[in-house]
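Pasting a structure below so you can have a look.
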Amino acid sequence: MINLEKIIEFMNIIAPPEQKEEGDNIGFLVGRINSEITKCVLCLDVTLEVIQESIELGAQLIISHHPLIYKPISSITDQTLQGKKILDVIKHNINIFSAHTNLDASEQGINDYIAGLLDLQNVQRFDTQDSAWQGGRIGEMKEPITLINLANKLITILQDNSIRLAGKRDKQVQKIAFISGGAGKTEYLRAAIDMGADCYISADFAHHTALEAYEKDFGLILCSHYCMERVILKRLRQFLSAQFKTVQFIISSKEKNPIDTI
Amino acid sequence: MINLEKIIEFMNIIAPPEQKEEGDNIGFLVGRINSEITKCVLCLDVTLEVIQESIELGAQLIISHHPLIYKPISSITDQTLQGKKILDVIKHNINIFSAHTNLDASEQGINDYIAGLLDLQNVQRFDTQDSAWQGGRIGEMKEPITLINLANKLITILQDNSIRLAGKRDKQVQKIAFISGGAGKTEYLRAAIDMGADCYISADFAHHTALEAYEKDFGLILCSHYCMERVILKRLRQFLSAQFKTVQFIISSKEKNPIDTI
Amino acid sequence: MINLEKIIEFMNIIAPPEQKEEGDNIGFLVGRINSEITKCVLCLDVTLEVIQESIELGAQLIISHHPLIYKPISSITDQTLQGKKILDVIKHNINIFSAHTNLDASEQGINDYIAGLLDLQNVQRFDTQDSAWQGGRIGEMKEPITLINLANKLITILQDNSIRLAGKRDKQVQKIAFISGGAGKTEYLRAAIDMGADCYISADFAHHTALEAYEKDFGLILCSHYCMERVILKRLRQFLSAQFKTVQFIISSKEKNPIDTI
Amino acid sequence: MINLEKIIEFMNIIAPPEQKEEGDNIGFLVGRINSEITKCVLCLDVTLEVIQESIELGAQLIISHHPLIYKPISSITDQTLQGKKILDVIKHNINIFSAHTNLDASEQGINDYIAGLLDLQNVQRFDTQDSAWQGGRIGEMKEPITLINLANKLITILQDNSIRLAGKRDKQVQKIAFISGGAGKTEYLRAAIDMGADCYISADFAHHTALEAYEKDFGLILCSHYCMERVILKRLRQFLSAQFKTVQFIISSKEKNPIDTI
Amino acid sequence: MINLEKIIEFMNIIAPPEQKEEGDNIGFLVGRINSEITKCVLCLDVTLEVIQESIELGAQLIISHHPLIYKPISSITDQTLQGKKILDVIKHNINIFSAHTNLDASEQGINDYIAGLLDLQNVQRFDTQDSAWQGGRIGEMKEPITLINLANKLITILQDNSIRLAGKRDKQVQKIAFISGGAGKTEYLRAAIDMGADCYISADFAHHTALEAYEKDFGLILCSHYCMERVILKRLRQFLSAQFKTVQFIISSKEKNPIDTI
Amino acid sequence: MINLEKIIEFMNIIAPPEQKEEGDNIGFLVGRINSEITKCVLCLDVTLEVIQESIELGAQLIISHHPLIYKPISSITDQTLQGKKILDVIKHNINIFSAHTNLDASEQGINDYIAGLLDLQNVQRFDTQDSAWQGGRIGEMKEPITLINLANKLITILQDNSIRLAGKRDKQVQKIAFISGGAGKTEYLRAAIDMGADCYISADFAHHTALEAYEKDFGLILCSHYCMERVILKRLRQFLSAQFKTVQFIISSKEKNPIDTI
């Protein structure tokens, strides 16, 4: 049994709050700081199913990547999906903690982890030049690789069977930029080009961004947002379990990718 | 035992939501719409003391004038006073409903009630000209009255022993404008003057507004915000008790004026 | 041989400029109004490949859905992809005309065409409530259909082998809202729910929108932006060929979906 | 007889203009810089009564705390109270000089003077953290004192018989923050709490600020704006009389608190 | 001897305040409404010389076209040119009244007067389409006239020896738009073109506006701002003298064009 | 024959891009960077006549002071004057390069050149204090000179027969501020006064600025925008011809001042 405050302190080392993107809403979002924790569910999103699972497991804490509250709210009633979730977790003494863009950005976080899985060299932080966040990563493969082979590598690493690409399949790429999650705006693509990358990887892209990559003969890999970020949960469980031996950390088994590839 | 939805429907007749001031946050703020209500506490503010009282009474509903959530919030934890309150009421199945500027404005609301207590004639709605709200009232005393006598009348009506005034004590006033609560900005004073009033009554005034009233030889009566609005609770209890005979409506006995006149 | 002005007049009937979304840049974008047209290429995007194809074909006009100039520009040089395209088309006397959100919206346009292909009944215009555009459509299938069957129908209709969905595959849907192209923001989903639809169809969705559809047990079909809009080109060629018998209208054969499903 | 310019130079030492709050309008507001001064009236506000008194006294200068012109003006006619005042003072060769937030803030100014009257130790400047002004003060009483006793002390020091408080009367307070005049917004209260104060003193508070102090078990003393600032006039007369022996400095005897405690 | 209020009432008929351009500051700007007027100076600008002239003449009123106060002011001291003027006029009991864009626009005003001097037919109000003001005029010469001849006509009508033009000297013009004073922005030129005019007349033009007129083969006549507006003073004196027989209305003889053609 | 890139590199030394005013649009505006240049036309504005002249001369480059594109554009068609120009130059393989506020500001630029022609001493950069640009100049004549004599000197130097002035003709001036082109706003006049100048020279002034100069007894010289900037072309031709001996640099002989002094 561990006091929630201890877990929060540790999470703030894993994903320092000051590394969040401006405007993000992270950290301790719902609950009481002195709660005693024996079971904690890890997930991407605090869905109704994840809450139900947590109640059934008797968990006192959910650590999510996406914040349960993002845009500030003016009421907490069962008249909204989000209000219903908050009522449920408070009623069942479940605390909510979210590590979002700070977990993307940190050295124990998602993008550094993916850089390691790709075995990248000379890894630097990556973002558009105007942004203070710099939560993505840019680095080099040891050897050039074709775009299609890099995409196939990611299918394995991220367990993402819905990966798509823009650009020539046989384009040789070596310097690779990426940001986990929904960094699909064209400005990220352009930042990757400006930084000398051969390829950019993220999720939630629109047509015109893919077209620009294609026309500029640049490599673009379009991941599933869900898979590209959920890859961190296992690693997070390792960190937390090693630190808090008396707490059971459980990756949600009810959560699934909301986008269903036919 | 009455379903919360029924009480909300009735409150929305007493204080129609569409009569609220733009930007106000009113109505059903915390809880579950299908809650069964047997006891309901009425108060001005949802203070810690009012919540404690409600818990002890076993109430399932608090109807307050001031909204528990006004500025939208990004977290609900015991690290803030407001978060602590929300956690407590949800934990104890207490629902929160607030009727604020709509209760000021409506025909069963505060300002109409005060107009009746003052026995005003030709009562019209009152507000600055630019505002769509028009929640205050303006009307005429049957006979002219000195400013000090009007102030003394309000001491009795509002049970407010901290009333102050600006302007000549023996000024004769007959046409009177007022807005319950903190409508102390100078623009309200000016609207009252423009409307031909002799006197304006509200709360939460600053020095420069009182000075302007004094220099313009206009009557200003500075009430306690607490007393000027809490006067409605008895009347509200009457309405609610008459409508819902099986529910006990209790005016908070723990609440008191936070401003203490020495 | 037909004067460009005549073709523009006809296109403005097919896709009236006043039906465009506010802020869109449409119509006659590059060239000289009195050009004589014998060959015209139809495409989704004015890519380098489409321009090359048009030059080789000896076309004097490209009619595209996506405008060649969208954000206003401050220079036209070969230092940018877009500048290079503009220099090329002007150099080769190729005029550019784009019908974008007005073609989405009009009665001869994309969304009405899709409504017909789906054999929808009671078809109304659809958009978020605050928007003046109302370029999408909402209507009813003759019989309820499962979400997966609707998705399969769209695979055929749009020749889109990359369609994905969010929500239960066997959910019965009958009332269907959709907007061709990249109307993937959550506000469109919410508008569809508010309008009583069972399902919303568009392209360029992000994870959190799909998740919201899934959690609200709503049907969401995620099309390819390319396929959902390019479906209009054949129909457009029919209209134009019927009207201008001496002009050859050619659907670009070089254009392809920039997003490549592995 | 002293040239106005000399008095302005001296006032700018007592209350350096650069210490004013951003947006304040201070200094030499009406008149001619080379006026010869033999009599000068000191006041809080340039009221009609103060002007009448100055005319009768034959004064050539009024030094006020509150600026005669605050919001910029577009006309100077007798159709407005302020215009009438300006016409009168110009007609009677009376110059106007105001030292406002710079007099609050300076080392010879109001807040430092009050700190001295309270015999505070370790006095620092005080304001909200975001503000560049820092015109208030925070410091420590030599011994803890109950809130009610501190309030009574202020009644004597400020000659203010309308002081009120929020919070427990017997709360022990030692570290005290304050800003002279109308710094009654909740953000000042919060700044005082963040700085570790036990109590905050100012004027022009609204109900919700007092309630927040009460609920957070913090001490709040609500002074009269008039008394809290007028306390400086005697001291100012001392400074000026010592510096300009040939000029008569007269504290207005016609000015009175516009707020009248019944 | 006439009360100022009567003159203001009459001026408000000649130049109705509601015809002013949004944001303009017009009307009774300095003084006392009940002043008795025997002499009144008329001028374009309230210059130091005009004030000196008015003092010497013993005038109690200056009626100017350009407002003495345009941008709101925060002080009235001899440290600024404008402050010095205001101090002087108040000291000498001179009232200031200005009729600016309302005098440009009204039926007894500048532009209608010029239309008459040019003997224009079918005179309509003129301004950019987005503006609510519509204070200029557009109308037709009875016969076409060359641009140079029209310019020469204006030299006589406006007594303006510094008139310049842009466009072909021998261009035939018949439909003419104009706005008295400094309406030299390119948007006015474009409005004139859109309204089918052949020529636009105003003052205070910049190079790029003249260039655009020249390149579009449009006629532009660049008057002196001073002459184009001062033409109204004689007419204004006629109106006022006819109405107020006991008041002497004097056109300033000290005022001159600040721009000196070498 | 010289590659355009070389000429651009040299122009960027003559008029460094980083010296442009914020928001200006300068440099390589239309064309292909690898164009081979044998003839180049120099001008103030890219007018239809200058383009025609360039086509007839067989020039491949126009270097203008005023940018052909200033406000960003959304179409390039013959329906606008500017579009027609762009179509023409692209069709005829004419490249456009503009050096605008950077040429005003640079050490080889317009204002430094004028400073030399006036033989000024202690020349410093000049602009309003808030501006980062500082492209004008301020300096001292060796001997004081009357305003009218300075104006006559400029008539000769700038070959400008339309120079006008504001202020006393016989005012002695020695310290002189100026900005080439349309820096006629009053703020520049005030900056010149604040910097201790006796006189300010620019173009495109309005009446109220001249009046302010006149009333403040300051010297103002109102040049022709055209003449004040076109003076640089000869010098620019010298620089360019010396650097690129195989290219013919021709000052446009078709361009003329669009403002025609009668």
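Here the chain labels run A, B, C, D, E and F in written order, and each chain numbers its own residues starting at 1.
Assume a contact is a pair of C-beta atoms (placed from the backbone, for glycine too) under 8 Å apart; a residue touches a chain by one contact, two chains touch by 3 or more.
Please read all numbers here as calculations on a predicted model, not as lab measurements.
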item: Chains in simultaneous contact with chain A and chain E; value: none
item: Chain whose average C-alpha position is farthest from chain B's own; value: F
item: Chain centre separation (chain C, chain F; CA means) in Å; value: 47
item: Chain centre separation in whole Å, for chain F relative to chain A (CA means); value: 54
item: In chain D, residues with contacts to at least two other chains; value: none
item: Chain contact topology (line, ring, star, complete or other); value: ring
item: Chain order, ring traversed from chain E with chain F following; value: E, F, C, A, B, D
item: Touching residues on chain B, where the partner in the complex is chain A; value: 25, 27-34, 69, 71-79, 86-87, 90-91
item: Chain D residues within the chain B interface of the complex; value: 45, 47-48, 66, 81, 148, 151-152, 155, 162-167, 169, 181-182, 184, 203-208, 210-216, 222, 224-226, 258-262
